[in-house]
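What follows is a pair of complexes built around subunit A, which joins subunit B in one and subunit C in the other.
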Partner chain A sequence: MSETTVRRAGNRVFIAAVVLACVWVLLPIYLLLINALSAPAEVTGFPKRFWPSFDLASIRFFLGFKGVTSALWNSVQVAVLTMVMAIGAGAPAGYALARFDFPGKQAFRFMVVMTRAFPLPLLALPLAVLFIRVGLDDTVIGLAFVHTTLALPFAVLITYSLFSGIPYELEEAALTLGCNRVQAFLKVVLPLAAPGIAASAVFAFVVSWNEVFASAVLTIEHRTLTAFLLQSLDVSPLPLKFAGGAALVLPALGFIFAVRKYLFAMWGIANR
Partner chain B sequence: MAEIEIKGVGKTFGAFTALHSIDLTIKDQEFVVLLGASGCGKTTLLRIIAGLDSPSKGEVWIGGRRVDTLPPRERGISMVFQNYAVFPHLTVFENIAFGLRMQKLPQAEVTRRVTRTAELMHIEALLKRYSGQLSGGQRQRVAVARALAMEPDVILMDEPLSNLDALLRLEMRAELKGVLAASKTTTIYVTHDQVEAMSLADRIAVMHGGDIIQAERPVEVYRNPAARFVGSFIGNPPMNFLPATAAGEGRWQVAGLTFEGPRVAAPQIEFAIRPEDLHPADHGFEAEVRVVEPLGPHTLITASVAGVVMRAVLDSTLALATGDHITLSPVADRIRWFDLATQKAIA
Partner chain C sequence: MPRLLPYLLLLPATAFLCLFFLYPFTLVAIDSLNHDGVWGFENFDRMASHWKFGPTFRNTILLAAVVVPLQLTLALMMASMVTRLKHARGAVLYIFAIPLGISDLAAGLVWLAIFEQSGFLNSALTGLGVIDKPMLFLGYQSKGVIFTAIVLTELWRATAIMMVILVAGMGLIPKEYGEAAEVFGASRWQRFRRVTLPLLKPSLQTALILRVIMAFEVFAVVLALGGTNLPVLMSETYHWQFTMQERGVAAAYAMVILGISVGFTVLILRLLHVPKEARP
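Now for the complex of A and B:
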């Protein structure tokens, strides 16, 4: 075999792998969309049409279903709180990691990642017991705390790489031009970091939005949408599941797509 | 008035001592260059004066005020950084105006000063641009304009020309000298480039291993190095050194010749001569030519004298080839002597 045939064969394998990966990811989303945008009768029918009928009956049924709107509202509340807390605690930590040498820096970085090493099912029961004891069970803020611990490592890592990418000399230049430390941060670092911080906030939002296990265990009355759908999975009709699934997946997908550049940066992949 | 006094300043990073004990007084409006090889502590000293680092010991005084515990903004200094540090999210105008806005100057005054310094640095056409749309040389000009607009008592520059290409560096060097002389500020300028140092400085402070070895006028530093290191660091090619053995009564044996020298007790010292102070003559060092480099106005030769490599800058009309034997005579009043133990010059 000549070198070119080998390369061509390699190319074919590569293309096939890419197609497979795309189908793997896109097919379920496609089916989800088709069914969510079809009339309830069509959802159970087969074969499927290639284009959905854009019948909003399923969506309307989903939104009118008892408990859905309040679950949606809970999801939004928890996610927003998570976003605020994760960035509020994560960005300063990221800044400290990027700018200062302090004893235990390595250990701290390790611990940040380690928080993700404990599976949530393992923590859920003790957490539930603790939450009941302190009165945080079945509250939006209590769940937001749990989601914050999940989102925090990402917030720290993204902002860490973000602040590392802003030369310290810029801040020092601001210091010699009349700023104190806080002013130098606000006038120089923040404007440069703002898009990235927004991206990492969006990511924290999505982490909370998609989380189901803690939500199902720690809330009863104040369920988030994920927990609500999980709970009513066996009792709800098929159109409701599809519409709910779409309502969950689409915002998350849209957000992640919007901030992909910064997530790549976090993993050390070159921009774009 | 901004005289700068550095009194016994030392700096340690953990177990590593970057500065031992620096003493230096810089007069008002003086242009002092800190010159030394990479890693000798120039930047560290400059940052301590700026207030970006704090000294481990010693005091810094600017204009009669002790400043070493004050933040940078209260010291009356501006700094030009090696990588320019032009703010990427601001236009050139806003970069230059940055410090003026921090002082809450009225808009009219801000515009006046930005326009004037921009004209001075020939960047008035760039005021609306962002740093991403500028070349290295233009960024450099913005950085200098931003520092000048503050009308500081002291300007600190850390290798401001080192990132420019050779031609631009020459041009900027001459321009900087003019602009800074007109601005009447006290300037401390860091460089590892001896030509830059010689051409800019009122006074050169030669640094080595965290110490200032000599701080004098450029010609003085060149002609009368206070230590062997200064002679070997400044000058291209550097000073030549030969071992000298005592022959009694202040006479010294150097590569088969006898010279009048200092009256010291040491059995051995070092003889030193600049390459341009060696001339072909009937009587002198027997040298075997190893390399001949015609440089246009002069010819640089590398030769071996009593087994030691020496360089001489000779007239370019001289026809020399590798392997030739010539006799090189040192100019008597340009000979310098160094102590072997202390490495210092012997008067």
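Now for the complex of A and C:
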């Protein structure tokens, strides 16, 4: 065997492995979607077919089920609030870390990175009591506060790497041309950073949309979709579970597509 | 004014983290040490003397011990694939990263569709003639199968996080090192083992810490697939908080999860320590 045959065979094995890995990720999602897009009788029936019948009865059953639409709406509200708060607090911090050297910078970075060494959803336990005392119990905003804590470190780290990538000289040029600091930021830096900020906003939305434990602990009447599905796990029929699962998964496909360029910036590893 | 500006910018985030991160953790610690107004380890005693604590603790640790090494291997393989790809790199990276956006509950439901009695695994097995009639995979008698299903779900769901971090880390390693090793006759495996892996330590550290903590937080996947058949620390915390209405014991459980999380973080930091001057 010549060296090229060996190399070509190696390449074929490599491509097969890549395809296999893609199937490993995509196949389970496809199977869930078959269930979501089949009639309830098919979902509980046996054996299963490996393609959907595109019967929307399961979806209609899911959407018509008591509490589902309000749960969906609560999930969206919490996620949007989380998004706004995480970016509102996180982006200025990211900007400060990227642009200034000041005493205490390392301490702040340490605190942000340290949040990851803690199981954050557990925060919900003491907050459940605290929220009752201040009247935030079972509210959308109360849960959004907890979700913001989860999303904030990511928002800080993404915007930090984002602003670091925009040369300070551009801002200086704007300053010498008569802009003040705020104008220089709004007219020069923000347009350049906007797509990245949008991506980190989407990521904050995802964090909140997917969170289960804190949502289940902190909401009772105003349950989010995850809390609703979790608490009805042992009583809900299969079609409801799978349609609900699909409702959670489908947005994820879009989310990850929207943030795909910024996937690397959010882990606190330096990147160039 | 400019000297104060950075602090002003950090103020909202700092206030937030103090109020919703540092403060609640102090409260959990206080709750765990306070039983009906009496200080002491009563809550921990009640937690540890309950018959379920042993299995719960074992299940959680065992799950982490099985999942994390397998996942690390898988993530390294997938990251190497992405790094080596010349065409369609973006598309493959996107597909590999999809589970990153999927919640643990949704992942549990995805794999429930495969493992439930009228599910796709049974359909495929009967279709192929391996078994005559569908088997009950997730019953309370088959804890081994439930455990395997949870391991598969966790592998499927959380490999993406490690993979993304490792791809980022591999991108930081200068190409020249690998090329130099190749010139000296190192095989692909030797280059991976002797060049890539040691230089990857900082990102391995980040990936492992994140993943190990996620492993101790495993919750919705277990409930979706095993119900109460396979208790883990997080589900017991939830159980004590709600069904038993004993916040003190729930807080004690939280402290256990916190303790092992911090313990393993320190351990990983030690084991994969990279001296500052050796960083790429």
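Please note the rule applied: the second predicted complex is superposed on the first by the 237 of 272 C-alpha atoms of A that agree within 3 Å, B and C clash if a C-alpha of one lies under 4 Å from a C-alpha of the other, contacts with A are read in each partner's own complex, and residues count from 1 in each chain.
Throughout what follows, contacts are C-beta pairs under 8 Å (C-beta built on N, C-alpha and C of every residue); 3 or more make two chains touch, one makes a residue touch a chain.
Model, not experiment: these values are computed from the prediction.
Participant: So if we stack both complexes on subunit A, do subunit B and subunit C clash, or do they fit?
Facilitator: Fit.
Participant: Touching A:F131, do we find subunit B (first), subunit C (second), both, or neither?
Facilitator: So A:F131 meets neither subunit B nor subunit C here.
Participant: With the two structures laid over each other on chain A, which partner does A:A252 touch: subunit B (first), subunit C (second), both, or neither?
Facilitator: In the superposed model, A:A252 contacts subunit C only, not subunit B.
Participant: A:F154 contacts which: subunit B (first), subunit C (second), both, neither?
Facilitator: neither
Participant: Does the superposition put A:T176 against subunit B (first), subunit C (second), both, or neither?
Facilitator: first
Participant: Between subunit B and subunit C, what opening angle does the Cα centre of subunit A see in the overlaid model, nearest 10 degrees?
Facilitator: For this superposition the angle at subunit A equals 100 degrees.
Participant: Where does A:P167 make contact in the superposed view: on subunit B (first), on subunit C (second), on both, or on neither?
Facilitator: first
Participant: Now for A:V188: first (subunit B), second (subunit C), both, or neither, which partner does it touch?
Facilitator: first
Participant: Between subunit B and subunit C, whom does A:F228 touch in the aligned arrangement: first, second, both, or neither?
Facilitator: In the superposition, A:F228 touches no partner, neither subunit B nor subunit C.
Participant: With both structures fitted on chain A, tell me whether subunit B or subunit C touches more of subunit A's residues.
Facilitator: Touched residues of subunit A are more numerous for C.
Participant: How many Å separate the nearest C-alpha atoms of subunit B and subunit C in the overlaid structures?
Facilitator: After superposing on chain A, subunit B and subunit C come no closer than 11 Å at C-alpha.
Participant: Can you list the residues of subunit A that touch subunit B in one structure and subunit C in the other?
Facilitator: none
Participant: Could you list, by residue number, the parts of subunit A that touch subunit B in their complex?
Facilitator: 167, 169-170, 172-180, 183, 187-188, 191-192
Participant: Using the touch definition from the top, list the residues of subunit A that touch subunit C in their complex.
Facilitator: Within the complex, subunit A touches subunit C at residues 14, 17-18, 21-22, 24-26, 28-29, 31-32, 34-35, 43-48, 50, 85, 88-90, 92-93, 95-96, 99-100, 102, 104-105, 108, 111-112, 115-123, 125-130, 145-146, 148-149, 152, 156, 206, 209-213, 216-217, 226, 229-230, 233-234, 238, 241-242, 244-245, 248-249, 251-253, 255-257, 260, 263-264, 267-272.
Participant: Would you mind writing out the residues of subunit B in touch with subunit A in their complex?
Facilitator: Checking each residue of subunit B against subunit A gives 50-52, 71-73, 77-79, 81, 83, 85, 87-89, 98-99, 102-103, 146, 150.
Participant: Mind pulling up the subunit C residues that touch subunit A in the complex?
Facilitator: 3, 5-7, 9-10, 12-14, 16-17, 20-21, 24-25, 27-28, 31, 77-78, 81, 84-85, 90, 92-106, 109-114, 116-120, 122-123, 126-127, 134, 156, 164-165, 167-169, 171-172, 202-203, 206, 209-210, 213, 216-217, 219-220, 223-224, 227, 234, 237-238, 241-242, 247, 250-251, 254, 257-258, 261-262, 265
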